[in-house]
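Each chain carries a letter (A, B, C, D, E and F) given by its place in the written order, and its residues are counted from 1.
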Amino acid sequence: MARIMRFASTMLANLFKPPVTTKYPAEPIDFPEGSRGHIEIEIDKCISCSLCALNCPAGAIKVDRVKGTWEINRMDCVQCGYCTIKCPKKCLHMMPGYTEPEKEKKFDLFQRDPAVMEAERKKKAEAAAKAAAAKKSLAAKKAAEAAAKAAESPAAAKSEPTKAEQKPADQA
Amino acid sequence: MATVIPFLILFPLVMACLMFVIRNNRVRGVAAYLGSVIVMIGVGVLVVQWFLAGAKPVELFIETEVADHVILASEIVLMVVVTCLCFKYKKYWISLLSIVPTLLIAYLELFGPEMEPTYHIYLDHLSILMCLIVGIIGGLIVIYAVGYMHGYAHHHSEFQDRRYYFFMLLFGFLGAMFGFVTSSSLLWIDLFWEVTSIISFLLIGYTKSSEAITNSFRALWMNLLGGTALAIAIAYYAYEAGTVTLQQLVFEGSVGSNIALLPVVLIAFAALTKSAQLPFSTWLLGAMVAPTPSSALLHSATMVKAGIYVLFRLAPALSGRTSGLMVAFVGGFTFLAASIMAIAQTDAKKVLAMSTIANLGLMVACAGVGTAETIWAGIFLMIFHAISKSMLFQDVGATENTLHTRDLEAFHGLIYRLPFLAMVQFIGIAGMFLAPFGMLISKWAALRASVDERNILLVFFIIFGSAITSLYWTKWMAKLLEQSRAPKVKDITKLNEKISLGIHAVMMIGVCLLFPLLSSSYVDPLLREMFGNAEQVLPTATLVVLIVIILIVFAVPAVSMAFGENTRTNIKPNYMNGINDGTDYGFISSYGEVQHMHVSNYYFAHVIGQRKLMLPSQILSTVVIIGMICVILGGVL
Amino acid sequence: MGKVKRSPWLLHYDGSSCNGCDIEVLATLTPVYDAERLGVENTGDPMQADILLITGGINEQNAPVVKQLYDQMPRPKVVVAVGICACTGGIFKDCYNIRGGVDTTIPVDIYVPGCAARPQSIIDGIIKARDLFQKRSDEHDEYEKTHHGGAGEEKING
Amino acid sequence: MAEVIEAANEIVEVDRDRLLETAILMKHQGRRLVQAQTTWYKKSETYECLYTFTDDDTYDTTTYKVILTKDQSVPSITSIYPYANFYESEMTELYGVKIEMIDGDYHDKLYRIKAVHPFGPEEGEK
Amino acid sequence: MARKTVVPFGPQHPVLPEPIHIDLVMEDEKVLEAVPNIGFIHRGLEGLADKRDFNELLYVVERTCGICSFGHGNGYVQAVEKIMDVEIPDRAKFLRTIWAEIARMHSHLLWLGLQADQFGFESLFYEIWRIREKVLDLLELTTGGRLIFSVNKIGGVIKDIGDDKMKAILTNMSSIEKDMRVVQKTFMGDYSVQSRTKGIGVLTKDQIHELGAVGPVARASGISRDMRKLGYDGYGMIDFEPITSVFGDCFARIDVRLREVFQSIDIIRQAIDKIPQGELSVNVKGNPNGEALVRIEQPRGEAIYYVHSNGTKFIDRYRNRTPTFANLPALCEMLKGANYADVGMMVVTIDPCISCTER
Amino acid sequence: MKFDTARLIWIIGYLVLAPFIGGLLEGFDRKISARMQRRVGPPILQPFYDVQKLFNKQTIAVRKTQFSFLIAYMVLMIFTGAMFFGGVDLLMCFFVLSTAATFLIFAASVTNSPYSAIGAQREMIQMMTYEPAVLMTAVGFYLIRGTFDVDRIARAGSSAIVVLPGFFFAFVFILTIKMRKSPFDEAGSHHPHQELVKGITTEMGAKNLAVYTITEWYENVFLLGVVGLFIVNRNPLSYIGAIVVILLVYFLEILIDNASARVRWQTMLKMTWGVTLLTAGVNLMMLMLIYR
């Protein structure tokens, strides 16, 4: 049967229970492990292959192969994590902690170490030269392949991580 | 005085004939102005004379051989007229209601017992008050009618223009009304009673449309039924007591004489029909087809008050008796039921009619309780009601002439479109229920009195009834204020209509301000006259407070409006979920078109409409009336 | 000149969000996050709101709605775009019916990113917005002082 | 172990003249219209309109496919399934399929988009 | 003179966070006619199939709606898997089941809260949303996202739920169950709630059939129809019966959804009990070619996913028909003759989600 | 009317303190509600912050006249309270109260907004609903004290509640309507997310809303004063009792607000009139038998 004010007892009991409200912002947030907050990059591992940029469903990533930059528009990324799956070097990570609200749109720009890039470019050029030299020979072709493979992995390993630069948003 | 009273009765009759004769509209208009001014002056003279004579009850015309014959002859003429009309429209049985009582009265007068000679005219505070109401309001309405009927004839070309006939009836009515309120002889009263009934009947049928004819016959039979009861009462009383003086009857009734019991009940019954109490309320609603001046004059301000007047007179005889209980119950119940039904009305005139019935109910209830306090309340109800209803009816009529409709929904934003008429409506409605105005004070007194009398039913009726009353009035007022895109219309109200309305508005506010004075200097003596002694009903403290409220209600909006003019305000469009069409007045509908925004008031016509509630309330009140009459008859026989 | 920042009232409008951000806005008001601690009230009526919280991007049909709601709010007012969609159009910005973020239609003051924006993030956004609200209120007071006593009325402001 | 309802779920092609007939048959069998949709295939230059009906007791589902060219029209099934008007309004507004006699038509005002038939053969701005 | 008022309801209306517009033609407070208008939230996301390959499209599909995001992803990957004839591992099936049911709880709790809020029962709304936070915590714990999980992929799932997390789910379920009993008592037994919901928005079984309504709306009118009975995901291995009521009013719809919350708890317990060890996904190669139509049961009812592909990585056509789209005609029918005070109730009672309706 | 200093002090006390008491009570209301919902809730002084904020906003309106009507509403409301605490006629107080409410309705009606107008219509129905119980209260006092004067009623020998329990119940019942609390919050829709948006206050923003809010505070204090009138008598100690009862009643209102859904106005009308007749009506009948 229906009763009036069925909920009153719960209400009265609640009055003597502590509130469940979290203290945020006075206390920091306790993110569970694996919480999807933002993308971090180990820039020194990146090889500027652009796979992440191509596959990002929101188009948040820009990769400049020539300048060696990796840029993410924080206000475009939907934290789907697809780039972390797609990155061949596994240098992208989904980390807990969200991007802070801002008055401007926020871009994060990461620059690969120019030295490493230089080395890489050299190697590539060498490899290309070699490839060109041995264009018609099958053996030379195989060698070129091996060189290109070698160019990828050790290149990033040695270099120091470059400091991230904040690029001021242009909102014309 | 002995000349003024016959003048007041006869002069309008002369005017009536004159109206009938003059067929030039302009000339007739001028004559009507003159006539009404003279009537008003006449009333003024009467009042002054009476005050100079000491403001005491006056008894006149002991010997009236000739007049009696004239009266009898007139009754028979009326009977013939009614019978002819009934036969013409094939409502044969109604003619019986005219023939039987007339023959009864004629028999009584010609062959009845010899009656001791007494006065035929009696003037006291109550009659003077009635004279004032009839004279002033009646005069103003005639002035208004000249302008109104001009527009009416113009707009309603489908009906024959019979203004001469209309004005004849109006003046005839005024004369009859003066006769009615000053007469003391029940025989005279009976005649004037019949005359008002028949004029009302003729006015309702003025347009001769089929609806008008049906309604007019309904009004006729109901009123004639009351007339029959009156005639029976007179005959019975004459045979039992040998006199036909109202004052004598009331006296006997108040001391509890058995002879008076039946006549008092029958007369009260007659009064209930006249005041359109349940179960007889329908005739008053039907009467709204008549041109507005007649609604204002007959069907709200004066004629229906004839019933109340009689009941007030009978009050001492009703107080504390079964008959009083019956009257109080019927009145209270009518107040409640009519108030509820008023909510569902969309037609402004019908709302006014329903509210008239309701307020008459309250007055009837006051009379039924019949103590000094309730009569005090009843008198004030009557004064305020007469002024504000007459004003509202006239105003609605004028508005209708301009807008060509009297649907309340069409009054949307009237205050911007027809400022004068809307303002007058505003004052009139405020008078009906807002705090500082008289109606409310009367309710205050009525409530107190019914508690004093321990009449619990009446307490409930008043409490719930007034709660409901405020709903439909507030609704109406709010409608006037609502913002509207409709263009400003040209106010075609004639000057004379405006004059009448303006005087009414001034009277309304004046009576409010002079309220304490009126109470102490006029109504208190009236009560002393009726009940011997009566203490002051309204405490002074309350009165002072009242005055302050009046000042606030008028001053604050005015002052703040003046201030408001000087502040910079950002005008924003209304909230319409973000899809206004760019203005306050419309939004983009589901089909992508602009939908005009018009918020209608609530009416609940399907729940509490007249159709739904009228029959049950009629049945209930009939059962109560019949039951009570049986009880009373059981006591008599 | 009062401390208006203690009473920021919200108006929440769902532009064309996927509901994710909407319900997070709502969750912000519920016991666990309880934005009312900050004096927040969710009014639902632009006339009474100080902060306009928009989730989702702008499409052809809701652009005029957003504009109108913004216009109906009395100054000083702050606009907060909640969620990636509202910031830039996000994952849907290539859809044929999407114009882009909220800033394509009305000026946005605070961007709250996230898909869906977390309640804490929205609280951060509100805190930033109310500071801005306070600043604008002070400016508004100055304006009122310098333009005092002018009669007449301002037209519906754009 | 819980029982699993094995229900049919097939896609059948049907001629456009027989659409109404099929719909009436479906209605007769007490089936419910689950959805109606269309697609414009650029490659084949045809519309494929799908109408799915399901039986609520057996969960059996049949999808009827009507293939139209750009200029062909298809009769509305709103006279049989009145609530199809949302689906059909969408088909006309977004894809530009010609549907005859929709009962309760929104006349391209359902979504009130700026583009004309954005998914249809000829796109454009209003 | 008209005694009718046309009141705009929405798009910005506090009753419903989402923008939908309804013209309500009213006399007094009685609704005579209701004409809906959608499109305030229409994005045209089905058109993105041309611009995102079939793997990326999953993330777009998940964002059709933030409430049953998981369901959309699930439906879409099932359709693609059906075309490509992929059978996913059992563990993945059970994981999908667990997530789908937690998501259903979150959705139902959300709805119950909104429903309570709709009839002005603010405390109950807060109470339910307090409980809902526990569900969201579970979701964040197991998937990393509070509302949008992105755990599906074609061929399986990308995340596992470890044993400790399974335990956390079970403990949380018990506490949620306890709290929900109080809520259930209030909803079912409070006079004021009953006065608002009983006999309001009644739809008979026949009407439901005529209008094609789905999900809890249909089940509340006595139609025992639940797509989970088709046995997709792990549902084929779990015991449950569709929950129905016979009254078909708002009260019955609350009743059905309340009991479905408990049913979900039960299903989650069964699934955790029965889940086998094993792989999370199978490797999928190539592009889909063909068409498939999949039906799944979302919190709001039956949803349809249709995929038509042509062997390239861009599919030709992705289409979903969501439950709200099917329930809109039922809403319009309910609104006719309703009391204005109940309009909000009725709009909320079908658990409308405009976002997926307009896509 | 004798104007003694005691009355003057009461009146001035009311004029000055009522907004503070009203605001504080609302602050407590919000805090207690929050705790019942297991939230922290806003600061106690939040209502004052809100009003201060509203006064600091740009002056906006849909129509300028709205402000005038709101001011009239406020002045009449304050006047009602002043009359009450000044000890004059109780029934008159109630009449002025409804006049004040009428001005509120006008303020809502001058707009062309559907929600505001529906709110106004609902407000009228609310008035109709609570009016009988209010008038009944006055009648009850009159019956046992023989006067409507608050002053004399308050100086009686015993507490009125002893013989007027039914009236007390009816009055507390309608207090839920007047204070716009949940089951009967028909016109205002105090909590958002309901069909009426903000109901009667939909078109009030900035200063208009501030004026409205302050008036509500005045009104609440007046209404609670009437509650107190049931308790107070010649004994000064009874005033402490009155305060306790007032706080209890206020707490009860908060509890009712939090523990019930908002019913339809039809239900409100039936319930309220039923309760009025059953409690105050029966009480009245019995009193009429006793106080012959």
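By definition in this document, a residue touches a chain if its C-beta (ideal position, glycine included) is under 8 Å from a C-beta of that chain, and two chains touch if they have at least 3 such contacts.
Not measured: the values here are computed from a predicted model.
Counting only chains that touch, the fewest steps needed to get from chain A to chain D is 2.
The chains that touch both chain C and chain F are A, B, E.
Ranking every chain by how far its Cα centroid lies from the centroid of chain C, the top place goes to B.
By number of C-beta pairs in contact, A-E leads when A-E and B-C are compared. Chain geometry summary: the mean Cα position of chain D and that of chain E are 24 Å apart. With centres taken as mean Cα positions, chain D sits 40 Å from chain C. In whole angstrom, the spacing between the mean C-alpha positions of chain B and chain E is 65.
Inter-chain spacing, taken between the CA centroids of chain A and chain B, is 87 Å. Among the residues of chain D, those touching two or more other chains are numbered 109, 111-113, 118.
Shown for chain C are the residues in touch with two or more other chains, namely 13, 30-32, 34, 37, 42, 44-47, 59, 61, 65, 69, 74, 91, 94, 96-97, 115, 118, 153.
Shown for chain A are the residues that touch two or more other chains, namely 4-7, 11, 19-21, 57-58, 78-80. Interface note: chains touch in the pairs A-C, A-E, A-F, B-C, B-D, B-E, B-F, C-D, C-E, C-F, D-E, E-F.
Residues of chain E touching chain F in their complex: 5, 7-9, 13-15, 29, 114, 116-124, 126-127, 130, 190-193, 195-196, 339-344. Against chain D, in their complex, chain C makes its touches with residues 59-61, 96-97. For chain C in complex with chain F, the touching residues are 1-4, 6-7, 9, 30-31, 34, 36-39, 41-45, 47-48, 50, 74-76, 137, 140-141, 153. For chain A in complex with chain F, the residues that touch the partner chain are 4-8, 11-12, 14-15, 17-21. Of all the residues in chain D, the ones that touch chain C in their complex are 111-115, 118.
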